[in-house]
Amino acid sequence: MDKFEKEIKREFQLERMILFSDAVFAIAITLLVIEIKVPHIESDINDRLVLSELLHLLPKFFGFVFSFFIIGIYWTVHHRLFSYLKNYDNKLLWLNILFLFSIALMPFTTALYSEFYQPNLHVPYMVYTVNICLTGLSSYLLVKHLADSKKNLTVGFTDRNLIGAAIAKAWMMPVIFLIGLIVSYIFPAWVGRMAPMLIPVYLWLVDKKYDMKNVKASKEKIN
Amino acid sequence: MDKFEKEIKREFQLERMILFSDAVFAIAITLLVIEIKVPHIESDINDRLVLSELLHLLPKFFGFVFSFFIIGIYWTVHHRLFSYLKNYDNKLLWLNILFLFSIALMPFTTALYSEFYQPNLHVPYMVYTVNICLTGLSSYLLVKHLADSKKNLTVGFTDRNLIGAAIAKAWMMPVIFLIGLIVSYIFPAWVGRMAPMLIPVYLWLVDKKYDMKNVKASKEKIN
Amino acid sequence: MDKFEKEIKREFQLERMILFSDAVFAIAITLLVIEIKVPHIESDINDRLVLSELLHLLPKFFGFVFSFFIIGIYWTVHHRLFSYLKNYDNKLLWLNILFLFSIALMPFTTALYSEFYQPNLHVPYMVYTVNICLTGLSSYLLVKHLADSKKNLTVGFTDRNLIGAAIAKAWMMPVIFLIGLIVSYIFPAWVGRMAPMLIPVYLWLVDKKYDMKNVKASKEKIN
Amino acid sequence: MDKFEKEIKREFQLERMILFSDAVFAIAITLLVIEIKVPHIESDINDRLVLSELLHLLPKFFGFVFSFFIIGIYWTVHHRLFSYLKNYDNKLLWLNILFLFSIALMPFTTALYSEFYQPNLHVPYMVYTVNICLTGLSSYLLVKHLADSKKNLTVGFTDRNLIGAAIAKAWMMPVIFLIGLIVSYIFPAWVGRMAPMLIPVYLWLVDKKYDMKNVKASKEKIN
């Protein structure tokens, strides 16, 4: 194999890891809906009955919508992060598998959370938070590994602000869910459940601290 | 990274979004069949009994066939629309995720619609229609975003008739299902359920209005 | 877009259709196993009990193995057939979707066939045969469409023997299952169920009639 | 088709086989989690009850984690092995399908193993071991087929130590599970269940015997 062929081969190996990840993302995101079961109505079916059964499914449905967009967020994070990749090593393969593990877990923790969505229950929300923390931790480990310039894995992923912002975003969901958990012990639980509304605030703070506008401009030149 | 490498990278990022979409399409289309459960027959199994149980599954089966081809239609729409793409931005990623959300919802709404397929029920058909409207709306937003020449996302997606026809086709299924809904309140419900038979009429009108034959000819030169 | 870019774009559109097909194949083939449910044992679990429950699952398991390799065969057929492709049209997209429809149906018909695998039942076997016939028919339509030289869809798919053998192979499984069905009405049912053992005979006859050794040799030059 | 086009086509056919495999891997690995069902609690739900129900799910959860990483291991093995590929034949397609069959089986055998995870039961562990042995056997057959220099399927997969180590690693999981099975008959069952802790020992022995450090160094030059 000459040098050019090696390059092609390595790129295909990279693409294979990425498309495998996309398949896991796609399956996890689509399996979410499987947990919403069509209600069984035995006798005297009418529109009112079907409607009332559907209203009972609403928490499950919101859980589905919510997790769909959480997985969507992490997919876009993965999509952006891996755009800097030019090489891989064994550790990267396994950190990626750890990350995918936390994504594959989501249909279960979402189903648990939305099945028992009640103001007086903390455990399902905690299990969901643990899942989110695992996803956050593995994103963080991925960012750190990619940012390690000795490994020579990326192109253009050297800017301090860019890496800082990526790390801050990896921790975004865990931080917000942990705030929600603490708040739900002090105030009524539903106040804590509002925590995801902090997402835009968090993103605004990250953008401000790491001067992301300039980073984005310079990234555009690269990407 | 030199200019050529950047180009390759951007194209791979585009392909990744597209293949991720294909995976969601493929899973949603195949999951449809999971809702058709093999009947449980406890005692005295014979051919007649199996056959009568299978006949009870027929509405579910037709629901499966119907949604399979609806998802098929939207896949071909996605396939054609994204063939003009040469670039992407964050908004496109999220409009695409919204579109995939409506596709991933289909196994559930199909199961609901076909489980309660009865002349006197309107709610399941309405839920299915809402799903179709969401798919139509997100297709429309995708077309509008791609057609926005300031964003510089496409190649060859500038012809007015081409864009007009794409928009008209995005709204096709919602329009037809809403007509069906209205008709089913005025006439017997089964008349409204025949609405999908308007598809060829609608397509013929679109082709006529936007002079698609010429557009197709010019597209062939491009594509 | 210059000519080279158009070529790249069309190839990507082709690849997209093919990878979408592969995703449907992969999901259908993996979903087969979902139908094998872990037995529920309430009390006094011991090895003997688990073993006897597993023995009850054997027909389901054989059904899974059997359909896994049937889908495997059709995947290799699709893999070979589409290797000649250099272009696509709308009809090809839809014939391919019809083909994938018959593949997506297999987890259901397999579950039905293996759930009611009893010597005195013909209906489940007939339903499975209808599924196989649909797959065969759509393969045949695909081969015919690809072989239509006016459409200019392929490279190197012009040899008469090559096309003849592809058509003969498309009909292989339907022919064998229909023979099995007829035989099972005349002789005891289990004789008819042995029909798949005719596969090597059929393949030998096809190879002989279409002089496939020479075709393969010439294909090697192309492929 | 000129020589360059043939090369491109063959590479795409190779990629298609590999991405099909990745899809099966991704589905099998994500389906594992489907077997963990959200507990149904009828009345008087409280945190303590939910927690105790979740504790009952722990064996299933560990089974999921365990099989997730087993499939992860085999994916990385497949990823590395197929990086040497430059060509394919019919036998390779079918050995790969056999390999994928054993992967697709894992959600079922994992569910069985973790549903009946009890010290006095040997059968579920044996069924799981049979699955692992099938995966090991098909990996071995793949390695042997790729290493067959007459077939001319690979680039750079000729080093004796490299091939020896690949074969030794193909048999790793079966050997370890069989040791676990034997030990669990002599000593208490839980001692045998610790067998996977031998993985690092086995890997260390393989690395030492086949002088893998040097092999890796030379591989780096190729890959």
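Every chain is named by a letter (A, B, C and D) in the order it is written, and numbering of its residues begins at 1.
Here is the rule we go by: a residue touches a chain if its C-beta (ideal position, glycine included) is under 8 Å from a C-beta of that chain, and two chains touch if they have at least 3 such contacts.
None of these values were measured; they are calculated from a predicted model.
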Query = What's the call on chain A versus chain D, same or different interface residues, using the half cut on shared numbers?
reply = different
Query = What is the size of the turn, to the nearest 5°, that moves the C-alpha atoms of chain B onto the matching ones in chain C?
reply = 90
Message = Centroid from C-alpha atoms only, then distance chain A to chain D, rounded to Å. What do you get?
response = 26
Inquiry  = Please tell me the distance, in whole Å, between the geometric centres of chain B and chain D computed from their C-alpha atoms.
reply    = 37
Key: Two or more partner chains touched - positions in chain C   = 19, 23, 27, 31, 34
Query = Within the complex, which stretch of chain D touches chain A?
reply = 15, 18-19, 22-23, 25-27, 29-34, 36, 38, 41, 45-47, 50-51, 54, 65, 68-69, 72, 75-76, 79, 83, 155-156, 222-223
Request  = Within their complex, state which residues of chain A touch chain D.
outcome  = 1, 5-6, 9-10, 12-13, 16-17, 19-20, 23-24, 27-28, 31, 34-35, 90, 93-94, 97, 100-101, 104-105, 107-108, 111-112, 115-116, 118, 120-124, 127
